[in-house]
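All chains are identified by letter, namely A, B and C, in their written order; residue positions are counted from 1 within each chain.
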Amino acid sequence: MSGLKSTAQEWEVSEDKQQRLAPFAFNDQSVTAGEELYNTNCISCHGNPGQGNYQQLDPIPGDPATEKIQSNSDGSIYYKIYEGKGLMPSFRNILAPDEIWEVVAYIRSFNDSYKQLVAEVQKLENVRWSEIKILLALNRENKELTATVKGLEEDKWTPVPNTGLIVAAERYFGQLQIDEEKLTDEKGMASFTYPENIKGDTLGHVKLQSMLTDQDLFGRVSTDTTFRIGMLNDAQPLNKERALWNSNKKAPLWLIISYISVVLAVWGFIFYVLFQLRKIYFAGKKETVN
Amino acid sequence: MNNTGQKYIARKEIIDSVSSDILRPVRQNRSFILWMGFLGIALIACLYAYTIQLREGLIVTGLRDFVSWGMYIANFVFFVATSLIGMLISAVLGLIGYSWIKPIARIAEIIAVAFAAVAGLVIISDMGRPDRFPYLFMYGRIHSPILWDVTVVTTYLVLSLLLYLLPLLPDLAIAKSRLKNVPGWLIKVYEILSFKWVHSNEQYKILFRSIRILLILIIPTAFAIHTVTSWLFAVTHRSGWNSTIFGPYFLTGAFVSGTAAVIIAMFFYRNNFKLKSYITADHFDKMAKLLVLVSVVYFYFNINEFLVPGYKLEKFDAIHLEALFSGHHALLFWSTQLLGLVIPMILLLFRKMRKPLPAAIISVFVIAGAWMKRYIIVIPTQEHPFLPIQHVPGEWFVYKPTLTETAITLASVILVLMIITILSKTFPVVSIWEVAEEKEKVVAKESSNQGYDNNGEKSINN
Amino acid sequence: MEEEKRKSLSGENNEKTSGNPRRDFLKKFGLLGAAAATGGAAIYTGYRYEHSKGKHETVKVLTDDNRLVEIPADQVKDVTSDLKVLQTRGREGIKSRRWVMVIDLSKCRNARQCVNACQSAHQLRPYEYHINTLIMKEDQGTPPYFMPKPCQHCDNPPCVSVCPVDATFKRQDGIVLIDNERCIGCRFCIAACPYSARIFHWEKPKNAEANKDMTYDVELNVPQKKGTITKCLFSADRLREGELPYCVSACPNGVFYFGDENEDAVTNGTTKETVRLSTLLEDNGAYRLMPELGTDPRVYYLPPRNRLFDFPEDQQPGEHKDFIL
């Protein structure tokens, strides 16, 4: 256990990720937005920046206003929020990239000596393609889903090569990723192997979302496609069977039969006796008249 | 059974002498009114406690989430238990053919009716929403032992009432013509309840048949009522309740408390109602022997109930048994077991102890022990659930009945006493016609021993 | 060319870029019927609002046969305000779902955020718990750990078996619910539950005055009522809206996973990461509480191994029996 914890202290971030910069300049607006996000997501462990009221955990979460955290590069902080490690949860599914940068903006607002370097903004319009689309196709024999990413380049659809892509199945509370993240080849294609035993709806349909991972570059590009690749959801309602815990309508037959027959039998005799009382009464009446 | 043509009623002289003795206490004298007045005032005081509970909720009791059944439920179990004696005396001993029970059978029935009737009210006092009591009949789930309990308690009460009323018919007919100094409305009640009883052979035949049906019917019903009550506990997973012998354990325990209750009542009637020649020392001797017998059987079940889990000492059984044997219930546990069961059982083995006064005193210990035993069965088990009790106020761990709760419990005891008082001061507590019949039999036997032919007027044991 | 070929291979490729989501939805799920004929409201059992990027606002609607579909917001009529509707849908539950919770004990550090979120949602007093975090120590020599303990929502629920008036019941989606409009307060269910999951309103519940005229929602069990039972409901009201339970989303440490067994997927309340249920249980050696009782709980626990922090010194419990009495 202690071994594990000591490795948690050293948190290596690769060179290129350290160098990453925010795509926008931090301002009051981004700091305010970041503060709100921080208070919902971070404050329960890290406490209020500058006040040192973080939780006493091992490893200690640390106060974001202190040197320990401020000495990280913007890219390092971004990456650590994005990936998470150990007790620090990953926020990749919770915060959008811009939102993570807003949290970074808020954290940096506690550092007076901080000077921001803003990334050279690469928006979609700076990219070759004015519009991007993803097409997902099914290859049943190989249990493969093939995605083709194409971009509109001056009235022509051309492949988008070498870009990250994920495919996820829609579940009730989130997206269940299928296979790993893949890079498109020079034809703009990437193949994903889907598990045979993935659960579908009552007809076996699975709604799949294919999405480009480089949101900084492309924004949010995704396509929903539904294929009949899942196992049928033929699960019965959990309260279907007759059982002792079920409602009266679903009571076990043996119980209904024994309860009703015993009650009827006993009360049948009781009413018989009450009827006998009546007979006693009339017998007495007859005698008195005589 | 009797042959047709025979008369079922004893000679008039015998009935006259018997009824004058037995009907003597049947009147609304001053002591009755004083006693009822006292009970009435006490009841009103206790019912005031219940209005507090209705207003504030069950927070006024010592109950909390971990010990959520307390004194009310223990009292309910005790009441149900005690009421079973009606079945044991009238049905089991009666059907076997013991005729010595005849003078005390009605006393047992009075106790059965009183305790069974109030048991239902006790359960209502434990409900969080007593206003929803009708839901039990509107939405009753037949899977629930509570519904079974409601069914069998009602059935048992009706059977006990009938078993009280039917043998009373001839007595009512006898009493209405002989009772003096009673208000007119009471005679009217006698008139109505006697169902035009004229001691005709036809009526006796119907009566004997009906009583026989009831006697047979009440045995399984009584078994059911207390077995089902034990299942309220035994169907749970909790250590101390999760036991397969709970049914017979409760049933035999019921006979112990019921027999003790009858002995106490007998002692009271014998002295206060001046019925020494009807409720004899011999009756006490026999009832005390019966008490020994049922105590031995109950003791045997106790050994089973504690030795078997104690031998294995599974985790939670061990915790439970430790709390009883040496933990904070130890004093209560050992005094209940020793003073309320083991020592009385041993003492009653001696003939001297089976005389009326010692037997009655011992019975008081037995019945107090029986009440405490229900408390020990109901409460300690809940104090150690499978998962630890944490993050709740400290006073929630240990159950201590509050004054309000005790007063409400007391109200139920007062109600029982009131019912018993009213029944025994309104109707004869000893069956006149059956006792007269027994007397006549003795006389007939004597005369037949002397060589006389006694074919004519006599009664025959049915 | 290639693209077309792939498309024909797939056969059922119905890409959802169609301009009329409503018609799409109706065609797909055959819900047209009366709703479309009157141009009126789709009867729905649950919904969640979602702001779409497009021109019209749409809502996600849980259809009667339990699919989450999107329809324009103006097509929706709210029918949830009256007691009868709330009671009926509350007793029926959500079709073809089997809710399941997974609790990762290695991550719980007793932050008690789950407890707070739950108590505020269900309007409970500080000592009234639908979920409680317990300090556990199974035995002498075994390590202590923290254990969040909600109702286990057993598939063989002993509490429901003993209820005399059908006030507590098991729904088709596995949730064991309490109807405090029905409960008579006999507390047999408290006696029957081996997990101590049920509590009773001994006194007037919190906010009793303020909630006097509120319509009772059986799926939230608010307003709470004096003299009745209350317990964890798996946040049935939130599930209907497609949201994770209150406790699950409140946890700062990723302890809780929640999902649908029929989808073989659970979503972590903290990271919102969705994983396969079967894989999660298998990889971590999951277990259920007291399986020997045969109660068949719908809550799984992942053992407290490789814990990422030490057990706080001041919270070291003694042996089990020491701190229960």
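By definition in this document, contacts are C-beta pairs under 8 Å (C-beta built on N, C-alpha and C of every residue); 3 or more make two chains touch, one makes a residue touch a chain.
Since this is a predicted model, take the numbers as computed values, not measurements.
If you sketch which chains touch which, every chain touches every other chain without exception.
Each of A-C and A-B has its own count of C-beta contacts, and the greater count is at A-C.
Chain centres here are Cα averages; for chain B and chain C they lie 49 Å apart. With centres taken as mean Cα positions, chain C sits 14 Å from chain A.
With centres set at the average Cα position, the gap from chain A to chain B is 63 Å. In chain C, 158, 161, 166 are the positions where the chain touches two or more neighbouring chains simultaneously. Annotation for chain B: residues touching 2 or more other chains are 140-141, 143.
Each of residues 244-248 in chain A touches at least two other chains. Of all the residues in chain B, the ones that touch chain A in their complex are 140-143, 148, 151, 155, 158-159, 162, 166, 169, 195-198, 200, 202-203, 206-207, 209-210, 213-214, 217, 221.
The touching residues of chain C, when paired with chain A in their complex, are 3, 6-7, 9-17, 65, 67-68, 93, 95-98, 107, 109, 111, 113, 155-158, 160-161, 166, 169-174, 242-244, 252-254, 258-268, 270-276, 306-310, 312. Chain A meets chain B in the complex at residues 244-248, 251-252, 255-256, 259, 263, 266-267, 269-270, 272-274, 276-277, 279-285, 287-288. Contact residues on chain A toward chain C in their complex (touch as defined above): 1, 4-5, 8, 44-45, 55-58, 84, 86-87, 89-94, 135-140, 146, 148, 168-169, 171-177, 197-199, 201-202, 223-228, 233, 235, 237-240, 243-248. Partner chain B is touched in their complex by these residues of chain C: 127, 129, 132-136, 149, 158, 161-167, 182-188, 190-192, 194-196, 198-204, 226-228, 290, 293, 317, 320-321, 323-325.
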